[in-house]
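My structure is below; once you've seen it, I'll send some questions.
Naming follows writing order (A, B, C, D and E), and every chain is counted from residue 1.
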Amino acid sequence: MPLENKEFKPKIVAFCCNWCSYAGADLAGSSRLTYPADVKIIRVPCSCRVNPMFILRAFEKGADGVIMCGCHPGDCHYSTGNYYARRRMTLLFSMLDYIGVENGRTRVEWVSAAEGVKFSETMNSFVEKIYSLGENVRLGDLRCKS
Amino acid sequence: MKYSYYPGCTLRTKAKDLDVYARASAAALGIELEEIEDWQCCGGVYPLGSDEIATKLSSVRALNAAKEKEQDLVTMCSACHHVIKRVNDDMKNVEDIRTRANNYMELEEPYAGETEVLHFLEVLRDRVGFDELKKKVKNPLTGKKIGAYYGCLLLRPSKLLSFDDPENPAIIEDFIRAIGAEPVVYPYRNECCGGYISLKEKDLSKGMCEKIMASAEGFGAEMLTTACPLCLYNLNKSTGAKLPVVYFTELLAEALGVKEEVKEEVQK
Amino acid sequence: MQELINRAKELLADGTVARVLGWKAGDLPYNPEPAYFETEEDLKDFVYNGFCGANLSKYMIEASKLEGKTMVCLKPCDTYSFNQLIKEHRVDREKAYIVGVGCKGKLDIERIKKQGIKGIESIEGAEITDEADTLKIQTIYGEKSISYADGMLERCHVCKGKDHMIFDEQIGESKETKDAERFDEVAKIEAMSPEEKFAYFRSELSKCIRCNACRNACPACSCRKCVFDSNKFDSSQKANVDSFEEKMFHIIRAFHVAGRCTDCGECSRVCPQGIPLHLFNRKFIKDIDELYGEYQAGADTDSKAPLTNYTFEDAEPSIVGKRG
Amino acid sequence: MQRIGVFVCHCGSNIAATVDVSKVAEMSLMEPGVVHAEDYQYMCSEAGQAKIAAAIKEKNLTGIVVCSCSPRMHEATFRKAAERAGLNPYMVEIANIREHCSWIHKDMEEATKKAVILMRAAVAKVNLNAPLQAGESRVTKRALVIGGGIAGIQTALDIADAGYEVDIVEKTPSIGGRMSQLDKTFPTLDCSACILTPKMVEASAHEKITIYTYSEVEKVSGFVGDFTVDIRKKARSVDMNKCTGCGVCQEKCPSKKAPSEFNRGLNTRSAIYTPFAQAIPNVPVIDREACIKFKTGKCGICSKVCQAGAVDYEQKDEIISEKYGAIVVATGFDTINLDKYDEYAYSQSKDVITSLELERVMNAAGPTHGHLERLSDGKAPKEIVFIQCVGSRCSDDRGKPYCSKICCMYTAKHAMLIRDKYPDVNVTVFYIDVRTPGKNFDEFYRRAVEQYGVNYIKGQVGKVIPQPDGKLLVQGSDLLDNRQILKEADMVVLATAIEPNPDVRKIATMLTASIDTNNFLTEAHAKLRPVESPTAGIFLSGVCQGPKDIPETVAQAGAAAVKAIGLLAKDKLMTNPCTAQSDVLLCNGCSTCENVCPYGAITYEDKEVNDHGIRETRRVAVVNNALCQGCGACTVACPSGAMDLQGFSNRQILAEVDAICR
Amino acid sequence: MSSEKKQAELIKEISGVNPLKCMKCGKCSASCPSYNEMDIKPHQFVSYVINEDIESLVNSKSLWKCLSCFACVERCPRDVKPGKLIDAARQVVVRQKDQNYLLADEIPELLDPELPQQLLVSAFRRYRR
């Protein structure tokens, strides 16, 4: 973690599928695989439950990064949910990129229930990325804060 | 087929035969090898520390020269191939090395591992195709029992070099078959000859070479072929050339019927 | 125009349709407005010219609820929207008698005015029967003339084609107007640095007054009640409280019509602030074409929409960062 | 306004050591709707639950938040506790402050802050919760077992004995699986066939068991209690009803060059074949790739010699569709491909074989009729080297990161059997660690060393070097003596890593059962629910879940059977009430939601609606709550927000987002 | 940090190797063609680094007997790459002042007419600063 950013404590929202990544986060917990406390997890039944509205709302309310985790393609508990989620998020992220919001603030990762290590690694790398991007000024600007 | 070509230091001096026969064969196969201008020695061994940059720059220069010409880069010597291919991998995948090397180089456009590095054997296998090569052979070396000697540099680490199966390679055997000879498979063909230490630890490398020779002979090889000047020197020196060792390009030139044309050039 | 009126009279007379959905003249020479005509008498007010740009498909949602058939005049591009509405069960094909009207490009009064033409009294050369070469404009400052193409809407320069996707009969000739590439503008923005992109959209979107003109005109934006008006997302109108909502509105609006938007360009045409809103929709169309294969909403009534479809090999969201 | 109680669990010191639990409770009182807060040692305990019940009654709570371990652990516990106290169970939310907080953070201040935020999010959500009623669904009293090895057979027998119908689907022409290929079993050295065949016969004769061999699961739909499965019965080309199993066709078949799967390709079989003598059913199949009749149209000898007229070249694949209440996966394992381990010369020498191949070599029905001989020249070996951990415990992509578990024991078994039968053969085993936990296991291994004089060397082998004279030079380490060993051997046996049957991926996808990075099926809980998949109604039996030996497999097969029986014994199941619901006034009737529903739970109806005084008939979406599984795909597809998910509503999730970002 | 610890860290950094991954299977030592010439065996390198006994390591003969043939790197099942550790230890030695293993004045006697350039070049890189 860069030391110069000591002051900055990012707000990071993680939407996790109940069947895979939420359990992966549980496994990371029971295996004591740490990641920064900046990450707060919201449990959803499936990645396809994640509405772009949720993500924009998080940014509106001051989130610095939003990550969504689902089952690996092909392994969705509901067969096809993550496929729809994949297309939705790809388009949404592309749009955010298009209007000039740093791409690194959004991410999708597929993490299974067995991948506690991957969960913790993913969160560590995402948080690191958000630290390197700093405060969400650009969307903050959209909020007319500055 | 046009390629950038990196000959390397030894091919200009002690291993002229590797180079000259390669060029003659390439011409016969319709392959153009364009030598990179002002190439510098690759250093002969991949830098030992992952933190070193300066020692990788000569390779990066060669790689970038090929990139600017939009050509693949062909190597002939095992050691050069090993070094350049691994440096290329660093430039492609190791962010830290890429950034630091590019800072030194001050190129117009940073180099990020775009060039594909091919050993001449890979050109023969993947671009020409051994079946095609077979059709172009004029003097098949029928009846010759040849053992391929790979050594270590071409094969390992296999993940980076992705040249062939590191424990049971087949490319030189297939090559030998394509030029009409009979390959002899023997288990020591991927064991190291000790080339790098032959300057200071002569006895040790001698032992290695003897094992290799004995194994090849045991399985019926009449001669060995290699792509590495270091191996050729070491095998010859340490075993008193028990079996003759020649470069694969010499066999190729012979099979394609161009060996005699350039023989003089080699002996110069 | 006369041909249209004649046909309308016949259809009303023989009872094929109960009404005609077309245009009547407005208070200025360049603002005709959509109107229903129920009798031959009414039709004397009927006009049809280069300024009749509005996409009448969306009117058919309400017209589908009326007794009897409605004759509707649809340009080629409007028919995509009509198809899309059929697909979404919003209009009743049986309630529509579609006259596919030829198109020589529709005019943009803002664009004409921008060329320094003010105080317009009358305009010649905008009739459907005209050659659509030159516009002669009488102004209080005298007569001016510009080329027809210079007065055209942006969307006509990147026209999808002059074929009607659905119709009962066709009236009038068309003329090719496409002289630019549809995605060039989007590509230009994509090539900008993040800072430039952001500055561009901030300056454009800061003009938004949340008048909802785009929403009202858009044939895809046809929800009975918009999410921004309902309490389902705690997002009901909070104008001027939180400017982020305006940005969110346009992103979500574009997202909600992604894969359904036919790129008819109405959003930009009606925006009183001149925000190029079509650049949002067209970005999604471009992404969809590139990532999931070319798809034109409204080209048919039965293909699977890109956002209700998938393949195992679909691109990962991380492609956004990789495309650079 | 809700009246919410917040209960913060210490979980002993699991939470309390890093999270200031009383602070969390104290802070919760400042949240809207919270009227009660307390912390306690173990909320999940009897006393903890009593505290919750008491608070619900005393304070008239309408919702509760438990700050504790993962909801995947105790959500059900607390829901039941709330229900007993008269609160709707769906008015309970869990803030996961253990797995997602106290266990991964070290700094108390930081962890407490996070726990407070997680508590706030749960409170914000529960403020918007509404009581939900679980529905009911029926249970089809029939089980499907996928895989007919010892795991599948045992599971099927146990379920059938409890009185339920069971179908076994087996991909190969006979049930029996890997165990039928083994010669002897450890640690008692019984003959594998002698203990397996009676079970096979029992299964085939059981009136409640139907066996589909040469068949594969093609499609699975439905959910717990009510699965519909399509089974493809591949064309056997032999009529099962007519065939008498006389075997003449196999004798007379002129095409005898197909590699025998049963003998691991060490010898060949005829094109019409039963895999082994005790096969069940004892009806051959025609391998159409190898059959001359199918390849050229000529031949037809098998048909001519078949007195029963059972050979049927026209037979087609058949799809059987059947309903099941429970599905047990028992797909077993295979050994890994050794292409990437050529340093052991497996592909270069016929005398380097895998342990499973050695089983066939040692077996009387095997390619050498049970004689221990070199496969290259048929000579009797004098010196045999075993190499352990070939591809196991390997962290790169050549092998598997896990221990295959069975190799230490079967290698000891092989070594012992060889030394017993051929006392003049020297046996050397190169090992990294000898792992023999299990009843009578270490004693067994010690017997190999002490009684049979097997030479165990600690150290891995670097290379097997074939010699011109056909011998194999084994170059290995002796780490205890600190020397490099060069050992000449006649045969080398590789204890090859095992991996789940590659088909399991496809099956897991069909079942939407989750799978780990090594393709083993994931358990619902690693310790407490080891034979259940997280997907309800799917149970795990045998090596498909993780490496195990025969006794463990049989034990697990029984456990899976009991779990399946427990499900089948129920007449009705409570369904998840967290299903989608459409707001009739907002619905556009556009069918977008219908297009993304994986269960066909959404249909459209013309409904009379009263929209603020306007009465009209509208086409609107209707959700079938019995079919809806609550994924939420429709809610995002719906542009107007008409479709929402109960228990995970838009406003609930947004409230959580807001609470976290506050 | 003690100097031994520092050096151990340096070796880990230069080599990019995590010695803790080693499971002590001995496959490196089983693969090494120079095994018999070495005083510290390839599999032992790992524990010397873990135990921070760099003094013994850099004074070991093994440093100069390793062929850098990468057989151990290729075959290591735990991705430990003992060969790279040895390369790194050698670097630690030659990077210190006056610790070149190959001295300029001993070169002429080592030369012979057929000796390929790359042997000399590589020896310089391997043995000298």
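Everything below uses one rule, namely that a residue touches a chain if its C-beta (ideal position, glycine included) is under 8 Å from a C-beta of that chain, and two chains touch if they have at least 3 such contacts.
Everything numeric here is computed off the predicted structure, so don't read it as measured data.
Taking the definition of touch as given, a chain qualifies here only if it contacts chain D and chain E alike; those chains are B. Farthest chain from chain D, judged by C-alpha centroids: C. Comparing the CA-atom centres of all chains against that of chain B, the greatest distance is found for C.
More C-beta pairs touch across one of A-C and B-D than the other; that pair is A-C. For the pair chain B and chain D, the distance between C-alpha centroids works out to 48 Å. Rounded to a whole number, the gap between the C-alpha centres of chain C and chain D is 54 angstrom.
Mean C-alpha positions place chain A and chain E at a centre distance of 43 Å. Chain B and chain E have CA centres that are 25 Å apart. In chain B, 166-167 are the positions where the chain touches two or more neighbouring chains simultaneously. Each of residues 71 in chain E touches at least two other chains. Looking at chain C, residues 227, 233, 307-308 sit in touch with two or more other chains. All chain pairs that touch, listed by label, are A-C, A-D, B-D, B-E, C-D, D-E. Listed in rising order, the residues of chain D touching chain A in the complex are 70-73, 96, 98-101, 103-107, 110-111, 113-114, 117-118, 121, 508-509, 512, 514-517, 522, 534-535, 578, 596, 598-599, 629-633, 635-637, 645, 648, 650, 653-654, 656-658, 660-662. Interface of chain C with chain A (complex): residues 189-190, 192, 194-202, 227, 233, 235, 242-245, 247-248, 251-252, 254-255, 258, 280, 283-284, 287-288, 291-292, 306-312, 314-321. Chain contact summary for the complex, chain B toward chain D: residues 165-168, 185, 187-188, 215, 218-220.
On chain C, the positions that touch chain D within their shared complex are 65, 87-90, 222-227, 230-234, 256-257, 304-305, 307-308. Residue ranges of chain E in contact with chain B, taken from their complex: 13-16, 33-34, 37, 64-71, 73-74, 87-88, 90-91, 101-102, 110, 112, 114-123, 125-127.
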